[in-house]
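Take this structure first; my questions come after.
Chains here go by letter, A, B, C and D, matching the order in which they are written, and residues are numbered from 1 within each.
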């Protein structure tokens, strides 16, 4: 217990509760967002409960086939990435229940988890035997790596600014006034990170690796039934978890579930606002975009700090 | 990539507050007014001609018998069943439909988990769109088949009235091909034709220009094709599918076109006696009319020896002596009979049975006797003075025979049938030759549109100057001593009583006197059965004054058959049909007899 | 167009040209001169584009007709050369070295008509059909309906009736029909 | 039916040789090792499709069926003309997504194979492979006349006439082609069938697997794949 000074067993239950709330929140929110996107396109869009039905349907499928151990582990890793990300970030600041397992230095861990899922997918999809999966994975990884560069630089600037890698402390430093938020105290780093945010939310114009019309259907080509259900769960969990990090790092975190819901939604909408109206970049285009815009801003933010 | 390119897409966000462009209820959207949706078929209009089946490029249509639709005149009793596993909704079937019964609704949704469910008979298998008024209908101005007859030359009334020349030119081969091309070859007419000629088949031959092949087809069912090509009552044309679209196909004239187009001498090459062994059996036929000669033709081709006894000078029966020359020229008839004679039929003219030879002799000398004596006695109106009236049939015979007949300046004809028209027009010609003008009055009980005569006969008679008074009942032949002065008629109010019995009612106030130097009665004919002799007349069974026969034409005597007008009414094509029927029956009897001998 | 034909006429055996439009002409040429004419059209007259190469099966004459349609884009002229081949032999001369696209057309003709073009690249490989063992399907002696019925199942249960015979059966079954 | 030239007889079945690159053979690896390869075996998994029982409890099965019906994922594989009729369904005009219908680009994630019109033998081969890769339960919908009885390709030398000879079909939509509305009707009807628990085409396929295979092999002459490859 010495390594985890403020750990208590009950936190596991609390964390599971957090997970539950966040997954459901993600389920509904992504559906609502899709509906909004549909309205922009002049459509009605899916019912808000459609995600649940799809999830249930996938679990209800009768036949499953496997391509080996890594194939199994792919979605598991992927989900672990999402869950882990959420678990090591304080979801609600100041809440004893939803503090999760946040420790000093966990920012690095969180960044690792952002990447972890994609890596897991790479391994799993690679084993699925589908030649296009591997291509999709490599394209996806290339793009994500490039998108993470500005984030890493922005986070570096942040850690220089706050002189800590503890997310809880970063959040704490932003409490009090809205002007304490990093977005005002360090706008350059925020911009750099937000470029990465848009780039990694798997939305247009940066979702070519996942785009069904591209290489069918990218990494998850071979995934189906409960594997796909796992991935679906991650698809709703992961963006929320990622948004939570950004919220904590740059937008003062959340002190209640209501604030959480609103802030996450608003942040998420940033990528949506861009995504639903813009066409996709090709992989090399988006990489060039990150190198040309994201990277200099990130470097600049460090220099400014 | 300019800043504008980045920013302008965001304007699309304004749609988020607009109503979606999505169709809110896609399940109840009607098709366009003229959408080519699922088929409808009006059972009352459909005649089951199968043109839709024929035209379908996808073999999607079957003609099937359905309950409640019986075959009958002009209706095959079949209805189209459409396989929606084949249909591509091109609407050719609707466009070709001869009656316009087949249409399309604008309904277009039909899902089912049973693939066999998509076969249905529109109009029979109830569907939700059966009464849907919208949908694709054929445009009235557009027809895939021609609607008007090919033109044919004929003599103008003023050119034809002074002579007995044939009126109608007949189709030239080119015209015939054009006319034949209108035929959809449904074959509804075949059932209507008493002789069930292969009408669509020979029309197809005409269309292909194969007149010789057509002639052979004609002779398979009708040895009087030349005559029928001119004077047939062409009942077939009343059930022609094309009449729903416009003019019926000129089936009669097409038949004539075949017979005219083939060289007269070629007939004997094309129609040859089949190579069958002589049976040694012999048949006597009484009367060389169409029924008798058809029987003779058929039996001779089966290898029997046939002798035809004809009371008059020349063979042909009523076709020669009842039908005026301007409708059926004698040389055509002579040629026709010569073809029949070429089968080995022997015709003995001027042999009146009962005079030169008796029935008993015939019965003894021949294995079978066929009685086809026709109707050569005119019926009388029995009004006062009718003993002074002439019988139309008698008059016609005298004209044909070249006997001098009295031709007064004014003639009154009683009757509205074809014989009435024949005598009226014949007298009109004689008047024209003698006096230079026509003075014929035709009176009949019926209204003009109920006349029994063919429409064209009536019209042509009127063109030639005959005056027709419909709905007038003869009351008296006005006499001045022995001289006929005219005909007195009353207006007819009703011909039949409530029970449908013949009981004319007259309006006595509406009286007319038709001045005439001759009154001709043309109200019907009957057979002269005196030739049978008393003993045979006693022995035979009778049915309302007619010899009773079974469906094959056999009388109650095993050796005697009866055929033709005397048993089935005045009509050449009926007589031909009778002839075939009797010939088969006789042939069977003879075969049985042969077997018994062996 | 006519000038071009005049120029060609002196040196080659040309059939009677058929003008379907002012800028579209069909002309029959001799097989042994085809290559020379095509080369000249391409290099001298500016017909740089091979629009299509197709065939017609004149089974009655026992011949295949190859149609080489070339197009002069600058002058907007289309000239189609017809070459007749013996149907029994059915061997054409490859022109894939004049226009590389011809190789694809020739593969198609090989598969659909059975006309071979020795020397043409990949000409014997499958083009559209897979595992085809029967007559080339575009040949006129290949009966596509019969093949289809012998190969692919129809949905059973369909019967049709001819109005004429149906009426005969129901209305006058005992009438002696015809002398046959 | 049209007259058929009964003199024409198609070639008696001659074997179509396996393509060169698919034959089992020995290859030498760059490091000199000799290995046997059999492309037909190496490319595909082999497991015969089996009949999957329904869920143990009826309530659960009904619940599952409800979910399956309301989450129809369609394999976006346009085999014929009807593929063009699906576009308006995906796009705002009809917006089928609001009914829980969406198109997936991979058979692994699809439940519904829409055969959108005629199937040439060549396409049939691909359609069968796509169908077999779909997870159970799976459904097939046939669009238009062609899938029912051949449609306008009834006399084609290279087009099958009855889809249900080769795949178990759950729903047919009449038309040539059916309009998008009719297609939507078909989906709704299919939903009803699924909810009633009658959408068991996949089990039917597994039960009559040999029959289906025989039919498929009768027309697909170059059968260069294992009997089952899902």
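By our rule, a contact is a pair of C-beta atoms (placed from the backbone, for glycine too) under 8 Å apart; a residue touches a chain by one contact, two chains touch by 3 or more.
Since the structure is predicted, the reported quantities are computational estimates derived from the model, not experimental observations.
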item	value
Geometric centre: closest chain by C-alpha means	D
Result of counting contacting C-beta pairs for C-D and B-D, higher pair	B-D
Centre distance in Å when chain B and chain D are each reduced to the mean of their C-alpha atoms	59
Centroid distance [mean C-alpha coordinates] between chain D and chain A, Å	37
Separation of chain A from chain B, taking each centre as the mean of its C-alpha atoms, in whole Å	90
Chain B residues counted as touching two or more neighbouring chains	20-22, 83, 85, 115
Touching two or more other chains - residue numbers and ranges from chain D	1-2, 92, 95, 98, 148-150, 154-155, 162
For chain A, residues that touch 2 or more chains besides their own	38, 41-44
For the chain B and chain D complex, residues of the former touching the latter	20-23, 26-27, 29, 31, 38, 57-60, 83-89, 108-115, 118
List of chain D residues in touch with chain B within their complex	1-2, 92-95, 98, 142, 145, 148-152, 154-155, 162, 164, 169-176, 178-182, 184-186, 188-189, 193, 198
Partner chain D, residues of chain C touching it in the complex	128-135, 137, 142-155, 158, 160
Parts of chain B lying in touch with chain A, wherever the complex brings them together	9-10, 12-13, 15-16, 18, 20-22
Residues of chain B that touch chain C when the two form their complex	48-50, 53, 61-65, 70-72, 76-78, 83, 85, 115-116, 119, 186-188, 190-191, 196, 198, 200, 219-221, 274, 298, 301, 551, 577, 580-581, 583-584
